[in-house]
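Next come two complexes built around chain A: one with chain B, the other with chain C.
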Partner chain A sequence: MTRFVLGRLAWMLAILLAVSFIAFAMMRALPGDFAIAAAGSQSVAPEVLAAIRQDLGLDRPLLAQYWGWLGHALLGDLGTSFVTRQPVRAELFDRLAVTFQLTLLAAIISMVMGVATGLAAARMRGAIDWIVRLYNGVMLAVPNYVVATLIVLLFGLYFPQISIFGYTPFLEDPLANIGSLLLPALALALAVSVTISENTRAAVLEVANQDFVMVARAKGLPPGRILRDYLVRNALTPVITATGLKIAALLGGSILVETIFAIPGMGQYLFDSINSRDYPVIQAIVLTAAAIVVVVNTMIDIAYARVDARVQL
Partner chain B sequence: MKPPSFPMIAPEPEMAEELSRRSLLRLVLASGAMALSPAIMTGEAAAEAPVSGGTLTIGADADPIGLDPVTLTAFSSYDFTSLIYTGLLRWTAQMKIEPDLALSYDQPDPKTYVFRLRQGVKFHNGQDFTANDVKHTFDRILSPASGSRLRAFYSSIEAVTVIDPYTVKFQLNATDAAFLSNLATSPNGAIVPAGVENLNTQPVGTGPFAFEAYQPNLQFSLTAHAGYYEKGQPHLSRVVFKFYKDQATLTSALRSRAIDMTWLKDPKVAAAIARTSPNLVSAPGQTSRTFPVWLNMKAKPLNDVRVRRALSLATDRKACLDTILGGSGKIGAMIPESQVGGYDGTGELPYYKHDPAAAKALLAEAGYPDGIDLGNYIIVAANPLDVACAQILQQQWQVAGITVKLMPMETAPLLTMWNTGTWPTLLSVALSWTPDSDATLQYIKSDSATGKGTGSNDAELDRMILEARAELDLGLRAAKNMAIQRHIADQAYIIQVYQYPLRWEIWWNYVRDYVPIAANIRSFVRTAWLKK
Partner chain C sequence: MQEEVQKQAFGSRAVKAPRITQGGLLLGIGLAMLAAMLIVTIFAPFIAPFDPSATSPDSLAGASARHWLGTDSIGRDVLSRLIVGGRTTLLITITAVLIALVGGLVLGLLSGYLGGLVDDVIMRVLDVVFAFPVLLLAIAVVAALGPTVPNLILTIAIVYTPAMARVVRAPVLSVKQWDHVEAARSIGMSEFRLVLHHILPLVVSPILVATSLTLSQTIFTVTALSFLGLGPPPPDPNWGGMLSEARQFMELAPLTVIGPAAAIVFATLTFIVLANGLRDVLDVGSV
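Let's turn to the complex of A and B:
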């Protein structure tokens, strides 16, 4: 087990190093830089653009820039944002906290909805199964930004007195904070819950036809115990994988939903930083998002080892 | 009291006399506050006394990038710096120049300006404002080490001298009609305090509002500057900007009164929202920018004036204006109407009459009897107005035998092409507001970055532009600017389609005494108050 975990950690670091370099190279390969993006269509003399680039160190050779960045990053210094001139680490932490809250809320909503509807469909079949599957099919086809835009427009038109716009920090007002995240979390959760629901349904149906369940039934075990100890435990393995990956993706930030609801999370941060070519921020976000996905994947692997009796370490 | 009447009146010819050479502008401070209230300026008597206090919440679609007026280059910062800093002069709602931190100025000769400054003005940090700060500001701007974008605007300044703590002299090396316009513009003329560092993150100015806090992407807040020099102003105790990057969310936030005012990018959306409630005030403001098609004239086929003229003749500007802006704008020439000698959208200009047959004939004469393929027409993908207009232009040109392929592009790479002159044939990017017609004309002058990019190479045009900048009489300058625009249209160096306000401002009518101005900043938040 220790060897397995250590091997996974080494692999994780290698992936992160590769990701940081690829992100760096890709951003520099894109035409346009911060100086150009900030000036917009105003007339700015080439020497002014050059002065801005020199000030930010963008005139140095690319590899030197990357080594400089890596050296600082390894010491935990992610640099300063070109746009806000604030340390990236502090900004990133704030954004991550917001996205984490949003994701947590979305995860809870989607798990409850997904597992409940999936189980109901698999166990009751008939009309309930049919309705759940129809709903899942429709929701799967509707992207979350459409749901988000519809929510914004509906509230703007029919409930203008309810202010749903803008984010309230947790420390300012915890209740208002959760309130301000509820609708965006719902917009995110709907699509995820559909996947969870489908996975749960399929997994439970598959496991229910296995021999060991039939044996359990033949032994005369009560249905509740069969559901808990035989069905759910075995069916959950693939569900955990799918849910983990979905939630890891959410942690990287949902650009569209965050932009629509004006939530200052990771997604919006990434979108803005790419538009303004704020290299230190892009670099930090890509690295963080990659780290989250890699860490969650590793955790899923380890969780497999615990949940799935077939994995022996 | 009714909200100030709209639309705004255009600059009047009288302003020519008002600021003519050797004019002496005097402002009696005692009556200053009243004389400057926008109600008076729009010809209405104030029936209601302003109420003090309250927070004005403004919806903004972009964060600032830096708050030091000397070094910032981003247009999005002006919204914030214009409330924090003030300058020697400022624009009135009618885009006339009036004194601000200066009490008056004297012009002993065409190249010398002597400003008398207000006394008792305090910066937000409590520091006294004196002539030293003025000198400090311009020394910073003119020092190459600062890398200030403003250095090019103030290239005519030879020296700034402190005569006494409240008198400062600007010595120019040439007569410069753009000088006062730049001084009146925020942030170009904003005065920064001597001896204060880190203005980008901790701005300190003399403006009506002082910086309070900034949470990127969330909000930017300002508090009333208790030591502000205009009596009784500002009325508001706080101004809070909230950021909404999505236009649909911005309009929903306005409807739900999560914000009190905002500006929108699309006139049709602004009109539609204003229709939903009679309590919303929608004021387009004066036209302040143009939507042009930039031509690469460095190579065939656009180095041939006949092809360019054909393109101009094939363009139905009126159709674009009506379809895209719903008539909420004017046909464009090089200079927008709100500037000296700006085109009013009605006068006859060469090759402006839509005539596809004449365009075809010109193309045939140029050696393209079967029409011409101009390749990629590059446009800003993120700007729906630009994309929609380009689609119409594509169809119009096709009728005259000119084929283009639309190529919407991300903004940063497009700007790189525009700045370096590396676009293949046609490119559109709307121009930002500039403080003076000269700054607008620089875009096409042969020695500017964009001029070089287009391949502009007309000594006669360059001479006309220099002459217009040196003309201090506004009436004569307007005539010269008009001649320049006629020349540009005749040679079709650029295809200007329409002119329009940069943004369409809209606010709830409980916000009183607010007036939008063409300078694309919210100067009149200083006179605004809330009747709730």
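Let's turn to the complex of A and C:
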């Protein structure tokens, strides 16, 4: 087990290193001059450009630049925004906190909806099963930004007095904060809940056919107890794992949903910085998002190996 | 023999006799939806009632006999723009997935068949690409290269190649150990021929299913990029761009939003239904 964990962690570090190089190289490989973008204007004197180049270390070899950038990044210095001239880190952390909150809320909503509908479909079968499966089948094809747009349309048409855009910080007003994130979280959660619902349904049906469930039924345990202690317990482990794997999808999806609902999270930050060609910010966001995915995936691998003895160590 | 082989490969149920099953029905519906979509797309200029770029003073009109889905903010016919816009969206989607499929086939066959160091190197490199959320990677690359149709196709192909390579590699790993491969090798067949004639045909089913699923995800990525303003440049319409543009006045003309939304959902649904139908009919386990 220790060997497995150490191996996974070493591999995680290797991937993080490779990911950081890609994030770095991608922005340097851009057509157009990095220094001109940094100056923020096309008509800059050559001497100024040369000074910027020297200042940013652009005259050094690429690998040397990368090591310098990586060293700063490891110490928490993610560079300075071309637009605001402020350090990227502070703003990135603020934005990350908002996106984290949104993702967490979406994960909770999708878990509740997915497990509830999946359980209902598996236990009651018949018409309910049919309705849930049809709903899941269709909802799977509706992208989260379409859901978000349709929610905005519905509120615009029928409840124009309710303001659904923007974001209230948690410390300012906790209730309004949850309220401001509820609709975007719902838009994000619907697609994920469908996957969870299907997984739950399949897992419960599979567990229900196992011998130990038949034994429990034969010895006369009440159905509620069988459901709680036998079915849900055994069926949910793979479901939780699958949900963890959806975090990458939620991070990607939040770009669009945040933009639609004007939520100042990482997604909107990325969108804005791409529009203003703010390369250090783009670089920092790509690096951070990829790092989160790599770390989460590694943790899921390790947790899964701990829970399930069948995973080869 | 082949049935036996397939059962062995994918550990699935007994191969069913061809009859109208639930899977067959799904596949039929999926194929019909795909055919309808392709016919409308290919003959778009003849089917569209109006020039998709022609403006008129009759802006943000509701549904009428003249404009079935109304008009947008500068008086262009929404239905015509949807029909013609499907061309751009589907062209990017399908071309990109085909390129990713070829890339995935080459990498997956190399990796799975050769094994050893080649396998390790290829899989490790793909692991790195996997670390980026698909949409984030696509956004960064398109923002860097510039949003033109060839760049979009290239980006999407790069983003989806690793997944295709994994799908190809897994069954190759088991098929290459079977007796008929050993037999072919022992009579001195060239490796190239061996892979092409004795391994590839046996891994086609999971690849078909995965390709169809990837198509449904690609629709999402392509339209999402356009929605963010990273789609093909105007004035040519595309679904994601139409949805994004229409948001400004959508309370006045809801059809301008519902039209492209329905088109995106229909296209995604087509490929999901197709994938599920294929999975049941070809008797592939979970991919």
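The definition used in the following text is that the second predicted complex is superposed on the first by the 256 of 313 C-alpha atoms of A that agree within 3 Å, B and C clash if a C-alpha of one lies under 4 Å from a C-alpha of the other, contacts with A are read in each partner's own complex, and residues count from 1 in each chain.
Definition applied: contacts are C-beta pairs under 8 Å (C-beta built on N, C-alpha and C of every residue); 3 or more make two chains touch, one makes a residue touch a chain.
Worth saying up front: this structure is predicted, and the values here are computed from it rather than measured.
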Mind working out whether A:286 is in touch with chain B, chain C, both or neither, as first, second, both or neither? second
When the two structures are overlaid on chain A, which partner does A:18 contact: first (chain B), second (chain C), both, or neither? second
Considering only touches as defined above, state whether A:255 meets chain B (first), chain C (second), both or neither. second
Which partner does A:46 reach: the first (chain B), the second (chain C), both, or neither? first
Could you tell me if A:143 is touching chain B, chain C, both of them or neither one (first, second, both, neither)? second
Partner chain(s) touched by A:55 [first = chain B, second = chain C, both, neither]: first
Comparison of chain B and chain C by chain A residues contacted: B
Give one of first, second, both or neither to describe whether A:152 is in contact with chain B, with chain C, with both, or with none. both
Residues of chain A at both interfaces, chain B in one complex, chain C in the other: 30-31, 149, 152-153, 156-157, 160, 259-260, 271, 275
Which residues of chain C touch chain A in the complex? 127-128, 131-137, 139-141, 143-146, 216, 220, 223-224, 227-230, 243, 247, 250-251, 254, 257-258, 261, 264-266, 268-269, 272
Under the definition above, what is the set of chain B residues touching chain A in their complex? 63, 65-66, 73-75, 144, 147-149, 151-152, 200-201, 214-219, 242-246, 248-249, 251-253, 255-258, 410-419, 429-432, 434, 439, 442-443, 448-450
What residues of chain A sit close enough to touch chain C in their complex? 15, 18-19, 22, 26-27, 29-31, 137-138, 140-143, 145-146, 149-150, 152-153, 156-157, 160, 248-249, 251-253, 255-256, 259-260, 270-271, 274-275, 282, 285-286, 289-290, 293-294, 297
The answer for chain A against chain B in the complex is residues 30-33, 35-49, 51-52, 54-55, 82-86, 91, 149, 152-153, 155-157, 159-167, 169, 259-262, 264, 268-269, 271-272, 275-277
